[in-house]
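First chain A sits with chain B, and in the next complex the same chain sits with chain C.
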Partner chain A sequence: MKTALKTNEPAAPKTRLSFIKMDGNILRLLIIMLTIFIIASITKPSTFLSVANFLSMEKQMVEYGLMAIGVGIAMIAGGIDLSVVYIANLSAIVAGLFMQKFAVAVSGPEQIFFIVLGILLGLLTGIVCGLFNGFLIAKLRIPAMLATLGTMQLYMGIAIIVTGGSIVSGLPEPFAIIGRTNVFGIFTMSFIVYIVIVAIVAYYIGKTKYGLKLYLLGTNEKASKFAGIKNNQIIIRAYMLSGVIAASAGLLSLARINSAKADFGSSFVMLTILIAVLGGINPDGGAGKILGIFLATITVQLMSSYLNMFPEISNFYRDMIWGIALILVLIVNHVLNKKSEAKLMRLTSQ
Partner chain B sequence: MSENMISVKGIHKYFGGVHALKGVELQIKKGEVHCLAGENGCGKSTIIKVISGVHKPDGGEIEVNGVKVDHMTPSESIKQGIQIIYQDFSVFPNLTVIENLAFNKVLASKKKFVNRKEFRRIAEEAIKKINFDVDLDALVETLPVADKQLIAISRALLDNAKLIIMDEPTTALTKKEVKRMFEIINKLKDEGVTILFVSHKLEEVFEICDTVTIFRNGENVISCPVSEMDEKKFSFHMTGRHFAEVTEGKKRNLGETVLETKQLSARGFNDVSFTLRKGEILGITGQLGSGRTELSLALFGLLRPDEGEILIEDQKVNIPNPTKAQELGIALVPEDRLTEGLFLPQSIKRNIAITRLDELSNKLGVVNSELLDDESAKWVRDIGVATKNDEFPVSTLSGGNQQKVLLARWIASNPKVLILNGPTVGVDIGAKYDIHNLLRKLASAGMGIIIESDDATEIVNTCDRVLVMQKGQITAEVKEEDLNVKTLANYV
Partner chain C sequence: MNLLTAKSFKKLAVRPEFYVFIIILLLSLFIQAKSGLFFTNNNIVDLLRSMTVPLIYAICAYLGFISTGPDVSFPLIAALSGYLATQFVMVTGYSGSIIVVFLVAIACGLVMGAINGFIIAKYNFPSLIVTLGTTSIFSGILLGVFEAGRIKLPESMIEFGQQSLIKVTNAETGLGSSLPMTFLIAIGLYILTYLFLNFTMAGRGVFAVGGDETSAERAGFNVKKIRFGVFTVNGGLAAIAGVCYSVESTYFLPTEFAGMEMIVIAAVILGGTRLMGGVGTLTGCVLGTLLLTIVTNSLILVGVPIYWQKFIIGAIIIVGTAISVIQIAELKGFRRSKRKKVEVA
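So, the complex of A and B:
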């Protein structure tokens, strides 16, 4: 029996393996992203390559980009979170109502204090919603798909009751400013917040003990139990994370359009799943990177903005296009997985 | 007429870049029980699939009854009387015994209407051939594994099988069932059916086979009558290694009691009391349903005891979950490596390091990847996991190496008590030898070890003392001086 133990010489094996470590999916996404960018730039140079277009793309992608990260985390854990859009709405509504009531009438530092409190309340709403999702999935063992389908309806219902079905608007000016501020002329404030959140979550999922456990649990729940991992804790935390990220999306949206509504952005449910899968998150759990979701979000936004520049392609086609895209991505992923398995076979056999 | 039922010559087979069969030969005489042995991945299964026409060979020829067959296909192979009983038995679990038995024949007769009476007649005829007593109206899924195999054999006989290939048929059988299986094999042999018996279990090969052929790495290394084979030669040809007689760590000094149970009861076993001392290897043997698996689960916090006490180093403990078990210094290498043990698509590194994450990360929970690399490299080296790189998924390893990864995971957590349920099931001889040596070494260093196994040789070779479990209770204790395969067989 050969025991090839080259692992103790530190440098050599790493370079040799770089192509395995380098997620093929990330590379693929970069190529797709750049291709769309180049095609769009060449065919629609005046409209596509404008500051106004970039600002509008940033604004749009931030919200569903964040929700897709929530969905992605749930997927890594071996589940899914269909309720992100409605957690976002509910959080925005809670924060919005609070600010309306307490922060509009006052001014100065007192107003800022209530705005911050409103933001925290919104985030807390997201955490509580996530906790409830996690509880249903981890403790009561309800399949994630069904649990979050149920809570999606529930959170929307709560939001409708709280608002009486009407729009929450008229927010204090300092909060609305977040949605209007641009940095260096080409970055919206919310985009910068988005980048910061992506970086933090990517680090948390990619580099910490918790992240590693999340991946292992997503791979094989039974084995992770046998390995002494506290499965319930990991799962619940994943959905809480998804909830708070969704809430932040809701708050950014609240700032951008200066209003919130119970059923805002319903079409994002589908889009967030598409992005997570396109980003390389394995719907069976245990694999995929946050960076992939980020790149997939940009890719989808580029596509979407580009399609918008053709008046002959009606918005009615949008859903169909995203549906086809999702199925195509699933098929392509399947084929590529088969290929990489075969490659691995060759590599590991002498 | 040739005296060979089947003869394959110079068969080559490639899968992608993998050279799975490197010009193998296999001659099976009519009416013999021929054993094909070899470690996992040696090409046993591939050659069977070539013979049955599932895989097309990339070179070489196949002769059946002395006649060359150019294009072997599954249907051609069945026409020639070749039948395979696969490990998964290829029966329809949701159908009754009758339906399973009669289906092929009725379908082949191309009748549009089916006749229940006809079904029954065919089925009765089939089971009579091997004196197999079974309820014909039972759903197959409700039957034990052994019966499913016998159904598959009966069905093969209905199709006028002349050569029956059995792919590791005894893996999931109890001792009694194996005995019955052997009786049936002998009966088939008397009736002139040729059998190719694929196995790597030494005792079985010696008991039932006339001739043995051994494959290693896609080549055949030897083919000879069983009478010319002995245990040492057999393992040498299988592995290409010579195994020294184990003496190291055989005599150990036992320390104080590390684990004790008092009248422990839970679902699956009751009133179990035993002690384990530091440096001791305690065997627990018993068949499926004896309660040994449940006992290990209870000790690892996966099954809540109804009654009784567990003591670690004389301290009464409560073990509500595996995390707590791990804190208390109990480790369990579970029964089913693939579903309970490993994270198959994840890297070998991650699979090993999982129990050490606390030590490998800082206060904020950030994993130090250098420490992680070192830890994994150290275990891969120390335990001898055969891999080119520990970034590969653990699924790319052989059974033996996968088991080593699991062992590494738990030894890394430095337990006081290491429980292994079926430590070498599906593990090749070489790795088995390594694992047994490793366990002895650990015991010598003071670890208390429990081996749960129904492999008598394994128990006898490694354990200091054995508890026999039956129907959830300890029915006998065998001390080292009385410990041999024969006495053990009497208890089980």
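So, the complex of A and C:
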């Protein structure tokens, strides 16, 4: 109430505020990440600090890390994308079925051609799914949460219908190699793909005109409309981006486990939201950075791998820990934001 | 006179409940025509039987939507409090009235609901994210900490589950079906919720808070208290549903609860509850639940394969929300155009 009374004071420099807030969050993440890393290295040096462990961590984090970026983009736009996991599955299934049909029987360059075509088809599936989400949210004005709640069921349903509820497996060998290749012995191929995608998206959201418009839209939809921005286009593009990123996650998982299923990874829905929020994305829209999501993904994976080293802790405990972490992070971010706001208010009122 | 009826019909036709009713009618007639098995006494009783628990869940989802936003934690609150109540009976060897079992469950549910309510009301976070988080926590407690497995319920609880309200047998097919006592509980809860929402100040406050937070606050409603109350009550309601579900199936099945929230939310939205809060009727909840139950139960009768279910439910959520959102937009557009005409005149 006190702060509300002082709104007629001169406004604070906006850029400085957001700069301080972002950096604080990323610094916090780095500290948490290093703490977990150090604790894990000291308590379980032989198993944690091994190449095998790093390789498996890389493989696991890539898939939900990518999906979390999709969720994060939707959140920056002021919405949410609950359907990413099922977009990933559907894309993997479409690509898998295509490759199964055309690429297994042939060999040589023809096979490579069909595999590439299969990958493109998978990505296209993701784009179409994202376009449909965007259409529902931007054109029909359905709240993002409910639109994607519906499409989540819809895409899963389509995947079940297409596969008849069974697993898609038996992919051509050259495709499966992507999931197995290591570069310099310590990087998996999929991790490198992941880093490239993160870099591209971070540039696209952080440095381009489109990204700026996206943040403005997420902060204040009306202001962005009156600034002459075509809101609908921005929203649709954000969900298409989220869809294509989810599809790439699906394709990488297809290459890794050499199979795809309609309800694979349903527990990722919660995890992707946790990572996005942990990474400093504001669920109300307009704030957060892709780099934050990347660091949050690594933090979560370190924690998860560390917990894995205690066989007495069942997997179900992990659900509980993620739930508690999500709510604690929300509260901590909220309190810290309030504090920095109050500080700024004090500074400006002097 | 003629004009009046036309007007009231028009008013009726705008309401989503009316469309849902028409769809239910057409769908049931279609299933009847195709299979001849829809309007049989055992199928109707079966439908009512499988509606019982979703109906109670629907109140949770409904209260969440009209006051704040989506609540997805009720299935897991139901599971955890159902488990705790069952354990209470097992450990103490209690064999008295079933009401005490319900009270134990409700107490557990209220505590869990209060956690949701506290976080949502105090920090004003999106209810979906908070309830997703608490769902994960409750599921971790149930399956990780308690390591709950499939439990055969104690005698006293099974006995209650087997008392039936109505018992019917189809003369032609010989298939029998019975309606458990839990159906009465669902009806009782609807009556209580109706009375509370329409005849108490706090009940009107639930609508006011969802409709416009600022206006409600200025009108003297305590927004935070109402939100906290709604989510706490939701916990208690979910607990009742949890016990009902267990006594109906004579087993406690910890993994059977999760996933119900989607179907229930779809039903409530279909019934015309507005997503942004403030609008919706209990009649709509009942009709929406009936439609979804028919879809999941009876489509098998006309030979639609089970694996189409997810797709159909997803499509229903999208079409249902799209229709209600477009209707709101049209209503606004209508008002605007009317005002313009007046200005011109």
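Miscellaneous remarks
One rule holds in what follows: the second predicted complex is superposed on the first by the 324 of 350 C-alpha atoms of A that agree within 3 Å, B and C clash if a C-alpha of one lies under 4 Å from a C-alpha of the other, contacts with A are read in each partner's own complex, and residues count from 1 in each chain.
Everything below uses one rule, namely that contacts are C-beta pairs under 8 Å (C-beta built on N, C-alpha and C of every residue); 3 or more make two chains touch, one makes a residue touch a chain.
Computed from a predicted model, the values in this text were never measured in an experiment.
Once the two complexes are laid over each other on the shared chain, residue contacts for A:Val277 go to chain C alone; chain B is not touched. When the shared chain is aligned, chain C comes close enough to touch A:Met156, but chain B does not. In the superposition on chain A, contact is made by A:Lys207 with chain B only, not with chain C.
Within the complex formed with chain A, the chain C residues making contact are 69-70, 119, 123, 125-126, 128-130, 132-145, 147, 262, 265-266, 269, 275-276, 307-315, 317-318, 321-322, 325-326, 329.
Partner chain C is touched in their complex by these residues of chain A: 80, 136, 140-143, 145-147, 149-158, 160-161, 164-165, 269-270, 273-274, 277, 283-284, 314-324, 326-327, 330-331, 334. Per the touch definition, chain A reaches chain B in the complex via residues 1-8, 10, 13, 16-17, 20-21, 207-210, 212-213, 215-216, 219-220, 222-230, 286-287, 342, 344-349.
Of all residues in chain B, those touching chain A in their complex are 15-18, 239, 241, 300, 302, 321-323, 325-326, 332, 334, 339-346, 350, 354-355, 357-358, 361, 364-367, 369, 373, 376-378, 380-381, 384-393, 396, 409, 430-431.
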